[in-house]
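Right, one structure below, let's go through it.
To keep things simple, chains are lettered A, B, C and D as they appear, and every chain counts its residues starting from 1.
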Amino acid sequence: MDYFFILILAATLVLFALFERVKKFIFLISFQGILLFGIALINLLHIDTLELVLILLETIVVKSIIIPVFLRKLMIQNQLKRVHEVNVPVFYSIIFTSFFILGSFLLSSFLQLPNINSRIFSIGFASIIFGIYFITIHKNIFSHLIGYLIIENGIFLFSVGVGSQMPLLIGLAILLDILIGVLIIGIFVNKVKDRFQSIDIAQLSQLKD
Amino acid sequence: MMTVIGIILTLILSVLFPGIIAITKAKVSGRKPPFILQPLFDILRLFRKTTIYSTTTSFIFQLAPLVYFASVVIALLFIPFFGDTGVFSFEGDFVFFAYLLAFGKFFMIIGAMDTGSSFEGMGANREAFYSLLVEPAYFLLMGSLALLSNYISFAGLFSALHFNTDLAYLVIPVSVYVFLFITMIENSRMPVDDPKTHLELTMVHEVMVLDNSAFDLALIHIAGWLKFVIYGTLIANFLINGQESTLIKSLEFVGINILFAVLIGVVESFRARNKLAKNPQWIIMLSALAIIVFITTLIITSKLILN
Amino acid sequence: MLLYYFIFSLLISLSILFFKKKKLSNSLIIVFLLGQIAITLFAYQHIDQTDSAFFKFDALGILFTMVLSVLSIASFYYSRFYLDYKDSSIKNESYYYSLLTLFIVAMTAANFAQNMAILWVFVETTTLFVAGLVYFDRSKIAIEASWKYLFIGSIGIAIAFIGILFISVVDIKNGVMALNFDELIQHTKQLNPLWVKISFLFILTGFSVKLSSVPLFPASIDAKTVAPGPVNALMSTALINVGFIAVFRFFVVFSHTDSFLWVRNVILIAAISSLIFSAIQLFKVKRYTRLYAFSSMEHVSLVLLGLYTGGIAYYAAILHLVFHSFIKAGLFYQITGIKQTYHSVWFKDSGNYFRIRPIDALVVLLGLILITAIPPSGLFFTELTIFKGLFLSNNIFIAILSLLLLTVIIYIIAKKIMHLLYGAQPKTYKETTNTSNRYAFIPVLILFALTIFIGIHPPHFISELINSSIVLLK
Amino acid sequence: MTSSETTYKIRNNQSVPLDRIPTYDYSEFRVLMIDLLKNGENHCVNYFAYQCNNRLQFIACVASDSKAIIHLLAHEMDLSATVALQSLTADIPALHLFEREIHENFGIAFTAHPWLKPVRFAHNRKNKTAINDYPFYSIKSEELHEVGVGPIHAGIIEPGHFRFICNGENVLHLEIQLGWQHRGIEELFVQKKKILERSTLAENIAGDTCIGHSTAFVNLWEGLCNYVPDESLEFARTIASELERIAIHTGDLSAICADIAYQLGNAVFGRLRTPIVNFFQEWGGNRLAKGLIRAGKINYPFTPELATRLLEILKVYEIDFDEISAKLFNLPSALNRMENIGEISPKEAYIIGTVGMVARTSGLNRDIRSSHPYNLYQKMDHQPIIKQTGDVHARAELRVDEIKQSIAYLRQLLNKVPASKQPEDHQFVSPANSFAISLTEGWRGEICHCAITDDKGELLAYKIKDPSHHNWMALAQVVRKNEISDFPICNKSFNLSYCGHDL
């Protein structure tokens, strides 16, 4: 059953490459949160109430409700509609993304990692690689924020895949990190927009000597 | 026997197909629908007209519609019906099928180039590009199905599709989805192309057949309808593989095809067409989805082992 | 004990933020500094004792906390001048002080963190506070710098997290993870070599934002370009030390595995490429802040070279960081003076400093001598030791390459600073009534003197702390 | 010498004796014009020449967007003298088409004009020899190709020739050549003496702006003859022009939907237009409102029954309209076809001198209803709707917002229907040697009509400027860097008039 979630998660990565509307990005982020919950629930063997609450909090509450709501607010405040400027045409991005996904599945099949759930490893790896790729091709800092969230999702998958039992501390730490990170980065998106009248990354190049 | 029934049903359906789409679209937008056979009457009218050829064209232009039509008719004979084999069936026939259709399209394209019109050149260029982009999706999908069923012919492939694992529930909808949109692209429908537009700068397929008239144009239209039903039948084959009687299967078949036509009508009503520059990325997205189907089949068939 | 320290500092920080009273802030800061000194002394008294499950007062942590405490006193002292120069409102001022306090607390916590997750959390926290402090100026470039620092810092720290995850899995079958460094050292035999290698890559990459080394150095350089002088002094010294501590703790763990050679080679590559990058970038710099920032990068690469070399160079590397902290902080404190004089930190706007402010110029000259490791600078002894180690361990080629690069770097730094001191007076310069405190240079002189003194005659407790922090290394 | 004292200032729909308009040397005139037009608040509404006793009179009308005044200034030259004038286009690009027209009609050579090509190549131009090789801008390159479209089109639109220079699917340059429908309307105005004939002519300047042009004409004529229309006349004209705006905007939205192949929008907007134009049929017996607007009278008085009927129609209209426009502007596939397509920046829009909808979608506040109010707009506090993005989306959204605004205005007006008199013919006597100007905001934008009378009070010259005049240039600019397949949607979103330009 977790294959089901994993493959749909892979499909969402393709959609991330295809879509250009901010609204759809936010929807996908929210949707990924639900998928992550599914994956985490299936894979954590001895789950106790506290841990369940934590995972629920982290995936459903934070990733698929709080952050999307916050992003939506950002979108409305900054009148973001589309993320057009990309360095690589979407056409190639989709091809690259397909290869990231195929590659990471083949890689984890080939490696046969002993101490890691390689199903989750494969999709987590693909998410992180894709997130970094996503950040590099976009010129817009809102999409960078989205890319950051994709990476964070990949890391969450890693932490699920690494141990069947996730230490409470790490879970809390990630939760805090993501929440504060997104909030503060989001606030800075607003500041940048206020100061530069645009959230195009090309504006942010005054520091170079 | 089943094949004969199938072909007869296919021919009947192909005549009804454009009518059903037109009726759906009219109903959805609150208009008075045309008579279901109106497209057929239009074609009959075209048959009565005299074909006019531009003086700048050569025999290729005259030959192209015939070749196109013939290729589609032959392709029809490869399609299996209700678990039975098609008229022709051999190993690897789905590859042949794809190339047959490509061959027909190739002739249409060089026919369009033959006119020397810049519009038709533009249309031919676009259509050729889109067909090229569809290829990987089609082959990845058929390859995955072949892997899943261990057969490499249409008939075997569809007869041996067993969806007994959980993951198959992922394979069916995604495959149907991909196939649905391959059909839309191959037939130059929305969202890739708009059959209703009459603006020479935005047309894809329509602009390619701009110079064809009368008999030739009629052939092209009929071939288009047949193609619709061919793909409709392929999709139906995904879904019909039980052990029911011929009658029930035929009803299912007709039902699925009508549903297919209605679906196309609905899709065309409720969304706008893609921006032309978006088409390539939209089409390649189908290949990306096909890759996910491919990974899924690899996992099902234990070619890809993940602990 | 640290828990009380956190609560105490949090209360102070919040009251500075909420009351917004100048006098109250000043006295609260003094209270905080006293607390900071107290916790340092407490830690020194309780050396090698754990404080709850997450912290431990180990030698290296104590040493760097001492440095941090000294520098935080100086930083608060210079913040006064900086804020006066900026003529900032009381609201901004309390925002600044409150964040600076928290920044120092986060660094102290990171120094003592014994648990990987805790270390990770506090390093991430420093990113947030630094971003807030860099943003203090509210100019366009300040936004740009803080955005980049925040963003790259967050991604870096996320990458480091993957590394931590990989290395922390000790019991495969039961999925048990060891998150304490001490615990992990006992389980090094159970670690998967491949994972160890990959995880060190991730960890080094992730912490390189703090460490200001290859590959994620640009964010920290940009942040240092625009950060307020006193903050900059901490970022280029104490924060680098935090980054070093983070990497070093893992380095100690890895020294017990079979992949140690690989890890050292990774360190070497990072060191050499940082050195090359800083040398190339120094040719292009046009601002004093960036000049100093790249100079820090150069010193970090020397420290990394020390880690690679091993043996006596471990000792030298850590001592090098201590010296570098004092000298670089002094130079950054002087930046506020330069800014007051020229209202700019660009080379093109500066010159003839000796004529305009002779005493400050003398201090800068002394700083130049010290930072370029000319005797009696303490850096001279440490660099000598590191290179000696390199020669002795048959890394002659690496040593020569580094020395060549170092020559280039020293040449550029000296040239730029000479331009400041003796260059033609810029046209943009306007004679202003000197508002700066005439004795502002004294703490800098004290820091410099400290460096020279420790370099010539290292106090016993320092060498002891360093020795006991490298004792676990194989 | 400041420009405020050197021009004659006139309000909308007023007339002035010709000798009151200050006449200058060309060099002085040129400086004054540049001075006036460098001010961002002014734009040139008309600049033309006419022949009078072997002398060529040039009159320029510059309207201020903030003060409700129009500056008039003139220069003249001997017809026999073949003096080349230094072009104003280099300084004020918005004037390029006026100069081209003057060049075409009177053979004036403007020096340093970048593209002194005939506007219409009309039979009544000065140089009657045919042009063999019609000049089109071209770029020599192996990679580029030219695509010529029209003048006969696949769709049912008017004739116009579009010459694209493309790199693959991307348009580098577009040149639009119009003039295929030139009917010599301005001359017909002078030739036809009866007011009914002239009214009919005005209705046929541009078929889709029947109300706009006929209102401009009657306002002009009444202004010229110092006739003050009563409230019922102004009421009918205001109602008609807002209704026309609703009808044509709805039709445009339908056409935009057709171009992006959004079938539902096409059908619903298309259907919604019908009750509005049918109301014209009920009112004046013609769906396009021909014969409705007449100088000094109205043959089909607006009765309270019609008001009730119209309110019913609007009520039904609004429900469906709100629903379908909300759908259209929330449909991602539709938004993708509209957003960031055919963008024109405020700066470009200003330089080109765009008016009406195109100006308002690019952040320029140009609306005659608020800047030079006429008819009942004088009593309304009209606030123009301004959009900033200048793309197809903005132009579509502006239409929706303007329709909503118009409906609100109609509701407000219909509260009190003034009583109408029996229609009777007023004998208009036009004063001799006078100039009159009328500005009207048609649905497409600012319409400018100017009339000049001779010593007997007969029409000497009549000048018409349709909003399409400037905006065609904007269309040519916006397709640059867009794909060639996006041209139809850009064109449709502008919906400019071919015959309004060709005259």
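Just so we're on the same page, a contact is a pair of C-beta atoms (placed from the backbone, for glycine too) under 8 Å apart; a residue touches a chain by one contact, two chains touch by 3 or more.
These numbers were taken from a predicted model, which means no experiment stands behind them.
Chain closest to the overall centre, judged by the mean of its C-alpha atoms against the mean of all protein C-alpha atoms: A.
Rounded to a whole number, the gap between the C-alpha centres of chain B and chain C is 65 angstrom. Separating the centre of chain A from that of chain C, both taken as means of CA atoms, is a distance of 31 Å.
Each chain gets a centre from the mean of its Cα atoms; for chain A and chain D, those two points are 52 Å apart.
Rounded to whole angstrom, the centroid-to-centroid distance between chain A and chain B, based on C-alpha atoms, equals 37 Å. Shown for chain B are the residues in touch with two or more other chains, namely 278. Taken as a graph of touching chains, this assembly fits none of the simple shapes: it is neither a line, a ring, a star nor a complete graph. Within the complex formed with chain A, the chain C residues making contact are 115, 117-118, 120-121, 124, 128, 131, 135, 140-141, 143-148, 150-151, 154-155, 157-158, 161-162, 165-166, 168-169, 172, 174-177, 179, 192, 195, 222, 225-226, 284-287, 290.
Residue ranges on chain D touching chain B, taken from their complex, read 145, 147, 149, 154-155, 169, 257-264, 266-268, 271, 331, 333-334, 336-337, 341, 483-488. Taken together, the chain B residues at the contact with chain D in this complex read 25, 28-31, 118-119, 122, 190-191, 194, 196-202, 268-278. The residues of chain A lying in touch with chain C in their complex are 114-116, 128, 132, 135, 141, 144, 148, 151-152, 155, 158-159, 162-165, 167, 169-170, 173-174, 176-177, 180-181, 184-185, 188, 191-192, 195-196, 204-207, 209. Of all residues in chain D, those touching chain A in their complex are 332, 335-336, 339-340.
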